[in-house]
Amino acid sequence: GEITIAVASNFAAPMRDIAAAFERVSGEHRLRLAFGSSGKLYAQVYHGAPFDAFFSADQDKVNRLIARDLAVSNSRLTYALGQLALWSADSALIDEGPAVLAGDRFRKLAIANPKLAPYGVAAMETLTALEFEQTTRGRRVLGENIAQAFQFVASGNAQLGLIALSQVYRDGKITGGSSWLVPQALYRPIRQDAVILRNISAGPPERVAATKAFWAFLRSPKARSIIESYGYLTNAANPEPPTTSTKEVRDAK
Amino acid sequence: MPFTRGRRQADFLLDVDFSIPGSGVTGIFGPSGSGKTTLLRCIAGLQPCTQSHLRVNGETWQSADTGAITLPVHKRPIGYVFQQPSLFPHLTAEGNLAFARKRATQPVRAEDYDEIIQLMDLSGLLDARPESLSGGEQQRVAIARALLVKPQLLLMDEPLAALDLARKRDILPYLERLHQSFDIPILYVSHSVEEIARLADYLLLMEDGRIQQAGAAPALLSRTDFPVQLGDDLGVLLEADVIERDTQWNLLRARFDGGDLWLRDSGEAPGERIRIRVLARDVSLTRTEDTDSSILNRLPMRVVDITADKDPAMVLVRMTPRATPISDNQGFITARVTRRSQDALGLAAGEEVWAQIKSVAIVR
Amino acid sequence: MPFTRGRRQADFLLDVDFSIPGSGVTGIFGPSGSGKTTLLRCIAGLQPCTQSHLRVNGETWQSADTGAITLPVHKRPIGYVFQQPSLFPHLTAEGNLAFARKRATQPVRAEDYDEIIQLMDLSGLLDARPESLSGGEQQRVAIARALLVKPQLLLMDEPLAALDLARKRDILPYLERLHQSFDIPILYVSHSVEEIARLADYLLLMEDGRIQQAGAAPALLSRTDFPVQLGDDLGVLLEADVIERDTQWNLLRARFDGGDLWLRDSGEAPGERIRIRVLARDVSLTRTEDTDSSILNRLPMRVVDITADKDPAMVLVRMTPRATPISDNQGFITARVTRRSQDALGLAAGEEVWAQIKSVAIVR
Amino acid sequence: MLSDNDLAAIWLTLKLATTVTLLLMILGTPLAYWLAKTRSWWKGPVSALVTLPLVLPPTVLGFYLLIFMGPQGPLGKLTESLGLGTLPFTFPGLVIASLLYSLPFVVQPIQNAIEAQGQRPAEVAATLRAGPWDSFWHVTLPLAKPGLITAAVLGFAHTVGEFGVILMIGGNIPGVTKVVSIQIYDHVEALEYTQAHWLSAAMLIFSFSVLLALYVLQRRKTAGGWRYGP
Amino acid sequence: MLSDNDLAAIWLTLKLATTVTLLLMILGTPLAYWLAKTRSWWKGPVSALVTLPLVLPPTVLGFYLLIFMGPQGPLGKLTESLGLGTLPFTFPGLVIASLLYSLPFVVQPIQNAIEAQGQRPAEVAATLRAGPWDSFWHVTLPLAKPGLITAAVLGFAHTVGEFGVILMIGGNIPGVTKVVSIQIYDHVEALEYTQAHWLSAAMLIFSFSVLLALYVLQRRKTAGGWRYGP
């Protein structure tokens, strides 16, 4: 059967590869992918969107859907762990890791909006941990999502950005510019959770079957290797225990 | 066709109460801004006329009674020639005509159509867009358009003002025939006494939104105390019967209450009733008959009264035939002569004179 | 002020080549669609006139030479009264006047302003918006507006067509004075022979985009073969000198090449040169002098020629004074009489007659 | 260059924009006519209301439409009770949202064009025995043609470029609600810049050609007369 | 109800929309005038070009502006060489982007209004010795007033509601580039629906009042005459 899956935009590229691989493997099943920001997708699910599964960029939206009984709680899975990188399109700028954040060799630092995107939360935690939160305050620009933060840096409008490693990482290496991989210790893990939506349990059997098959495929080594090739980590011991509430993060001011 | 109307408007109050004949041409005459256009618009229904009552040929078009319905403009079988041509700019001249023809009260036959085109001399203009027509050309199209709806009441607001004399002369007889043969009443606004004298059976004189005078055109136009300054256009309108046609000299003899007159032949048959206009300026007086003059028409008359003209050099001499004194307004002839001649000839009421009439115009 | 012009346009070709006097009124006369408006527009510069050359009072406004500049409309010191009123709809009547006054070629004094307002009778209308004015009121504002720019050349396209007789009579003398006192040339389009006869010193007759005839107005208007069908307006224009003023009878005596005429007094002083119009229809003929008539003006004349009129019943009799035979066109008098009278009186070229002139109009 | 997905999106976009433009002209013209002619007290409020959708960011407008048309919203309850399901994430849903969003751009030019005519043409039509309906079709509309063309162009272009509302209400479902604007956005978000560039270029060239043709055509029709009455 | 952040965003929005509307009227009016009057070959292409920004989704337009105005883009290189830095993330940058985005909504109504006048008013003005500039100010513009008002309303409303472009090049800096539309969007995305509702309601009520006042005012001015010449 054919199922429709709502996917957070930042995971669009890997998800296309996964979908292709899945369709090849399963033969009979088809996936339709609908991308959007997690917040939008959440609102759409809440208001009756015909999605069968939801891949959020965080855990919070998934929690809420489960709390509202719009998602099947035992289907929750952390499909990827995001990694944060400090990146510049200028291949010479980031020469000594985070030290560049201390000087004035950059005018703007792009991060995702911490209110909206988990990468933004992680970026703020990192800056706080490195004690650059104050010094970079006037120079931070916020992307509505992590893709936009990346565009700010990639177009050179921001010289530095705290972005997703997945955006500059292909098949084991950084694609260009200069970068510093932020150590996992400086921010809490960026867990991206997926869940099967209630829609489907009442749906036709072939779609239920397709969803189940896809869920199984996600745990397969094939899927994991695709995800990892895009610079995500995968956690072998899924599902993770759910974190219960929205993470409190100060606004970016 | 009795009308009653009275309505307010920002600063102009049209306050008229009149009824006019159900057929024939009613001329409307009055200074600029006296409400002529406003009156036509009220009759057409283009303008809200509160507290007014309008009945045309027995049908009530508008009523002041509460709850009474008002006939909407497009249901009134009128034709309207606006003071400014107002062609549809998105249609060619022909398109404008077709617009009217399609919506006519009754089908317009091809001959009628061709006749109107011919008359208004439009055949060369049919493909032109209104903005590429001259002022007179636009007006001609507008007149043709109003005729093509086959109206049962024709409202014309200075239709011929933009036209040259020759064209006016072509169109006027057609308008005459129109109301004679189809018997549609026409309301005709004009500043030209000549047009009014020629066309109008009935006359409304407007001033400041009120009807100052109303009445049969011949009687009204023959009055020496006509309220509008007519100057050279002052004269009398007479009804006469054609009694003889002189083909040798292309003349007509017509008999009116006061005698016989020779006129230029314009095709009328003996027995036909015509209307002729004798301008006061065309009448000269002699004490004795002068048979030696080029003036054909000499009538023995008796002076009824002599009044001052607006020009201090002139007086108006009103006369009635010596043979058959007439008491009502018909049959009088008025002459406009200098005061000096009055004195020289010793003219006074009751005196006998010969009226020499230099020219007489058949106005219909 | 010589003009040369020749230009193509979609389907209308204006092909004129003329020069007119640098002062005085030039009347433009011609049937509807003959190119009168187009001509005025070319002179104003409102319309591209390729291959044309325009010089006004020695200044070249437009030239067909390559590379030559064309004076833009707003730099030409003209006043233009459009055939349709064309007031600015966003301004009140007063605003429209102020628009012109602010941009006048020279300051307009308060007295001049007041005089124009007075003359056009606009004092009650100043606050009104154009759409709430009647047709005639709009035109009056438009004329006042054109005068207020103090033009050095006034272009008027049927300015008085929408006005009533009384107002026309008020405005015409003003226009006369205007061009007399300020010496601005006026180009005046009109369908009214009366207006043209009264105002024009020079006349252009147009037909189909060409100048059919051009010349001094008196000569042209006096011709019996005048190409436009004048009908009752046919007559002669004469220059005359006032020689006596009779205050008792409010009359004037004026002398022209062919004798003396009594006229109604309109205020001219003895010695003044005036222009008078004798319509053919006002002239009757007798073989012997008739001293008993109310007609004051009797002139001994000799018949020069007799031509057929457009009306088959009538002939035109051209005469010259018996005393002083005149060879050029001046001094002729034309009478329009019936063929029957011609026959009865035995009129023929060379015969002696008395011309009785019923009325004479001073046109200036 | 253009993938199958891109082509599907282009097709869907044209279908949506055409449908919406047609409906907008059908709905907007009478509304504009009413606004131009009425002397009613409601004219002001209705005008303001028509313009109002403009001031909300499209995604937010989409968000409210989502609520309004969703199973909990008044319209959603109505459509569900009629057995039609709910409108979001369906093509008709997109159409309705786009209508609301592009309405002002259609109503305003038409209203202006009709107001600029003044009363005279309608008066003349009435004296020529054309009823209100007749007069509307054969006089008012033909005279308002430049305004109608502007309205259609703005309405079409605005719907083609519409994004926020559709993203919210349509849910980015390929073949059903995934229009070109969203497709390009996805390419950009997914850092697939080359595809984004191609698709944008295709859109721009296509739109430019259509607009150019339209303007040149419109101009040819109105050119000619060098003069405006005598 | 409304936080300080919200108020700052409202203030910034009004500042942006006012600036943009003013500039649009200043730039758009001559352009519209030229388009209405010209017989040039360029009329078609320029008209099409002005409308073109409409067909790109705002975010995509913003994306290209980001590149165009960035340090590698032609405009960015220019501004940097002039010592002005780059435009994204600055208020002037937002203004420029908004200008481009709202231009068609301003040009079209003005152009239509001028075209509807025909040539006569300008001809009359010229015979009254008003030069082209004088005539433009004292005749063409006053007569185009309804079109100018529509243009200003559409331009203002569209800038207030603008979102995608600003999102893309603004960088969400409070007090500099964080306008109301983005603030509401953030509330919605962050699932802070109550705040989103409040802010939207405030925007709507404010805008409705402004629009209503404008329309009523405009109407009062033009009402009165029940008739259109004789």
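Chains: A, B, C, D and E, in written order; residue numbering restarts at 1 for each.
In this text, contacts are C-beta pairs under 8 Å (C-beta built on N, C-alpha and C of every residue); 3 or more make two chains touch, one makes a residue touch a chain.
Values in this document were obtained by computation on a predicted structure and should not be read as measured data.
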Farthest chain (mean CA position) relative to chain B: A
Maximum centroid distance from chain D, chain identifier (CA atoms): C
Chain C and chain E, separation of their C-alpha mean positions in angstrom: 56
Distance between the centres, which are taken as Cα means, of chain E and chain A, whole angstrom: 36
Centre distance in Å when chain C and chain D are each reduced to the mean of their C-alpha atoms: 60
Chain B-chain C separation of Cα centroids, rounded to whole Å: 26
Touching two or more other chains - residues of chain A: 40, 43, 148, 151
Residue list for chain E, restricted to those that touch at least two other chains: 63, 120, 123, 182, 185, 188, 224, 227-230
Contacts with two or more other chains, residues of chain C listed in rising order: 10, 37, 46, 82-84, 132-135, 157
Interface residues, chain D side, partner chain A - complex: 59, 63, 66-67, 70-73, 76, 86, 88-89, 167-168, 171-175, 178, 186, 188-192
Chain A residues within the chain D interface of the complex: 4, 6, 9-10, 12-13, 16, 32-36, 40, 43-44, 47-51, 145, 147-148, 150-151, 154, 167
Residues of chain C touching chain B in the complex: 10, 30-33, 36-38, 83-84, 125, 132-137, 140, 157-158, 161-167, 169, 191, 193, 228-233, 246, 248-251, 262, 264-265, 281-282, 284-288, 290, 292-296, 311-314, 335-345, 347, 356, 358-359, 361
Chain D to chain E touching residues, read off their complex: 39, 43-45, 47-49, 51-61, 63-64, 104-105, 108-109, 112-113, 115-116, 118-120, 123, 146-147, 150, 153-154, 157-158, 160-164, 180-182, 184-185, 188, 196, 200, 203-204, 207-208, 211-212, 215-216, 219, 222-223, 227-229
Residues of chain E defined as touching chain C within the complex: 120-121, 123-132, 134-135, 138-139, 142-143, 145, 224-225, 227-230
